[in-house]
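What follows is a pair of complexes built around subunit A, which joins subunit B in one and subunit C in the other.
For the complex of A and B:
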């Protein structure tokens, strides 16, 4: 193990680690632009220069391997002067349009200039004009003037997506990043990451463009509900200036680094798939159908009505009730729902909904299963029959007259493989209760609709496809009168006169970990609850 | 807020009340006599005599204002009449009263890129600190219209919109006149409700 000294502090690192990463281990940040831990080293920006004793010139720390006995100085006069000179060169043709640039506030030119800037222009020449505001993909817009040619984006399309769309063209101060000739736009499904890795404002997000300023945003750690991968994400929300971004509370979502799940990346489907959260079709109030006419209800009335419907149904026989939970619900909600319905004597509790068409899958991140918590539901031993679509089983039973009351949680059956049958069978059933976030064909026909909160409006855990239980936190309050799944289940339990259920996700998880052997016990639970780090479910450890 | 009270005991002469009343009357009379003498002497041509105090008959008579007075906001225009503002939201960020509401949109010219499609200032909230003018990197928002007497019947009426802000003109430079001449109210005498923008 090489042991080296950085700024007088000793550190040992794995062989092959570069000086920049070794310094990071000590908590020393060396300014850099082109270096990205997930990409190959380019060494083009020259910002990470450090002084190494015994070497005649300054060395770039990103491309210098840590060696035994090395003595590195990262903040000497010589180094600071070099950084200032590098920044001066990088800014020679930079347009300084920070006021209109979406990167402003999180731009590394701004951040490093605060400490290493020259603050006095020596430039007499005119700045080179290049192409501005050029859309190069469905989600990305390019500004060549702002580019510092670090080539992170070029390396991303070469090494991560392997789609080779971007390159650097021309020479000298006329060099530009652009699409290769013959390519009209970015084709890959991970292009949103380009805006994240661009250290300046050259590549920005078209979805986020001019929506708000980054310093208005607050962050909540979350888990992407787009597929069973469970990418770690940061939800950027804005509640201080509600008129921004067309009233959307969530202007963007960014990946959060987790080397075990998603690395530094996330896919576009997940990144831009959150918009239902603030969509106009959110269910805001409980509603019942009175001879086909919708009537809005208050929550106490809705709970009473739901309890009446369920107790009527269970009086006729608990096996006449079918419950369709959703793999979009958290472990805690699934557990609380299982507890509630099994104490009513209901045994038909399913969750598998087969989509009309199989989902897209690749070998980078995207999984075919578009539900975030299928594994969690499986570990909770829900489901009506292994591998089979639970919707089909429920509809079979309904057609045979074995089921006449259905409770559906947040699943639009009109988008499932059983759409036609569901459309025919559901209206014939005696009682249909729908608990969900957005209006859809299934909700429109239900006798009682209860509004549920989305993933950004509650906390909980999802279990990803490999059995990692990952926690996410609440970002914003539930929209309108909607309530979290746990709160709805707790209200139902009270209305039915059953044992009260906790609304607190942490408490429910502790109980879940206590009772379900597949989840953790004791200290592991506390660890998960406090840090939110991934942990592996016992059955998932293969 | 508690107002600190003086603990001082009243003297005998203060307590019997009337001498204090007459002392007050004497002060008033002194101001009257001194100003009367000053005005008369200056009228007679004695220019070395200090000026006498003046009362402005507002609103018939408008007191001249300093050019650096922070008055109602305006947004500067480009040559083509479009706003100079690029919706960077610096003023909105710095505003201590949170009275500025900006929604940005795309400008057809990629060299300008960003333009406000909504820019409201709620004068009912504004404290006229002038931070927005300080913060503006484009020198687009200014507080030099000379309009300070605005009122509205509703809260909504106190909101200046983008169109109103763009329609405002700067007050022409008027040096503060000496008090010998009757001040020319000039363009500063504009007195209008907020909802009716000054003609451009």
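For the complex of A and C:
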């Protein structure tokens, strides 16, 4: 293992590590633009220059391998001067866009200028004009004048998506990043990452453009609920300035680095698929249908009504009740729901909803199963026996008259492979309770609707397709009168006079880890609390 | 224009490919070949070259736009390139250019209506001993003065 000295501190690294990463290990941040840990080294921006004893010239730390006995200085007079000069060159043709640029606040031209630049402009010439505000894809806008030609975006389309849409064309100060002229837009499903990796404001996100300044945003660690991969994400939320972003509390989400799951990336479906959390069709109040007319309810009234409906049904026999949970619910919610309905004697507890069309899948991140927690539901041994669709099994039972009451959690059956049959069968049932986040065809016809919180409004865990249990945290309060799944289950338990259910996800997880052998060996709670990141389900692995 | 190499050009390309460790490295000579074949490079030609080399068309376009000797539009029968770099400039390239402009009745970047001459300027061609000099198609001429230019233009039919 090479051991080297950086700014007087000793560090050892894996062979092959570059000096920039070695310094990172010591907490020393060497300024850089073109280097990105997930992309091949380009060595083109020259911002990462450092002094290495015994070498006559400054070296780029991104492309210099750490060697045994190396002595590196990252902050000498010589280095600082070089950085300043590099910045001055990069800024020669840079427009004065900061006041209207979305990158402002997280732009590495601004950041490094404040740290290493601070020179007086010596530019007397006119700046070169290039193309501005050019949409190059469904989600991305290009501003060629702001580009510093670091080629990160070009390498991303070559190495990660392998779609080769972007290149650097022309030369000298006329060089530009652009789409290959033979295509009209980006063709990959991971475009949003381009806005993330562009160190300046040249590639910006059309969804986030002009929505809010980044310094009004706060972050919550979360997990993308878009598919069974469970990419780690950062939810950027704004609650200090409600008038921003058209009232959306969540103007954007971004991938959070997790080398075991998603690396630095996430897909566009996941990145832009969260908008239902602030959509106008959120269910905000409990509601019942009175002769087909909607009547809004308070929570106590709603719990009482739910308890009445369920007790009536179970009086005829607990078999009469079918429950459809959802693989979009957390492990904790699924566990608590299983416990609650089992103690009522209900045994038909399913969760599998087959979509109308099979989901898209690729070999980078995207999985065909568009649910974040199918694995978790399976580990909890939910489901109505074999077969792809618990919906079908429930509808069979309903048609045969075996079931006359159903409780549906957050699944719109009109989007399922059983859409037509569900539309015919559900209205004939005695009682339909819907618990969900947004209005849809299934909720609209339910006798009782309870508003549930979305993933950004609660905490919990999902188990991804590989069996990693990943924790996420709450960003914002539940919208309107909506409540978390656990809180709703707790209310129901009380109204039904059953053993209480905790509203606290950590407590429920601890109980789950105790009782469900598939989950964890040993100190589950402590792990969940301390690392809070991801844990490994047992899954036959030892 | 049907974009396809002649048998001869294909043969040359095969030969070329043998000289390089990978196909990306052969983009420049392949583009030269294409320019000889088709006169200039359109996007169709870039796509064709990319297909021949089995590399992304973006890579061909990056090279094509970097080098000034590749053309994206047709030129006249004689392509006159006047050197404007320091040595030629000191030795009078401005006069050469002015004289050609007047005589041909076109500006830099243009082609005479009869399609015979295209006039462009270039940076140093490495022939400073001939300054001021120019290149017409593949041949160098210099040192130039008005009389010499008259002679050269007359000799080009």
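Before moving on, here are some points about what is shown:
Criterion: the second predicted complex is superposed on the first by the 534 of 542 C-alpha atoms of A that agree within 3 Å, B and C clash if a C-alpha of one lies under 4 Å from a C-alpha of the other, contacts with A are read in each partner's own complex, and residues count from 1 in each chain.
By definition in this document, a contact is a pair of C-beta atoms (placed from the backbone, for glycine too) under 8 Å apart; a residue touches a chain by one contact, two chains touch by 3 or more.
This one's a predicted model, so the numbers in the text were calculated from it and none came from an experiment.
Once both complexes are superposed on subunit A, the partners subunit B and subunit C fit side by side without clashing. When the two complexes are overlaid on their common chain A, residue A:182 makes contact with subunit C while staying clear of subunit B.
In the overlay built on the shared chain, the residue A:213 is in contact with subunit B alone; subunit C does not reach it.
With chain A used for the fit, subunit A forms the apex of an angle whose arms reach the C-alpha centres of subunit B and subunit C; rounded to a multiple of 10, it measures 90°. Look at A:243: by the touch rule set out above, it reaches subunit B but stays clear of subunit C.
Residue contacts after overlaying the shared chain place A:170 against subunit C, while subunit B stays out of touching range. Look at A:427: by the touch rule set out above, it reaches neither subunit B nor subunit C. For the three-chain overlay built from the shared chain A, the minimum Cα spacing from subunit B to subunit C equals 25 Å. Residue overlap on subunit A between its contacts with subunit B in one complex and with subunit C in the other: absent. Across the complex, subunit A is touched by residues 86-90, 92-93, 101, 103-106, 110-114, 118, 137-138 of subunit B. Per the touch definition, subunit A reaches subunit C in the complex via residues 158, 164-171, 180-182.
Of all residues in subunit A, only 97-100, 104, 131-134, 209-211, 213, 215-216, 241, 243-244 touch subunit B in the complex they form. Contacts from subunit C toward subunit A in the complex involve residues 43, 46-47, 56-59, 61-62, 65-66.
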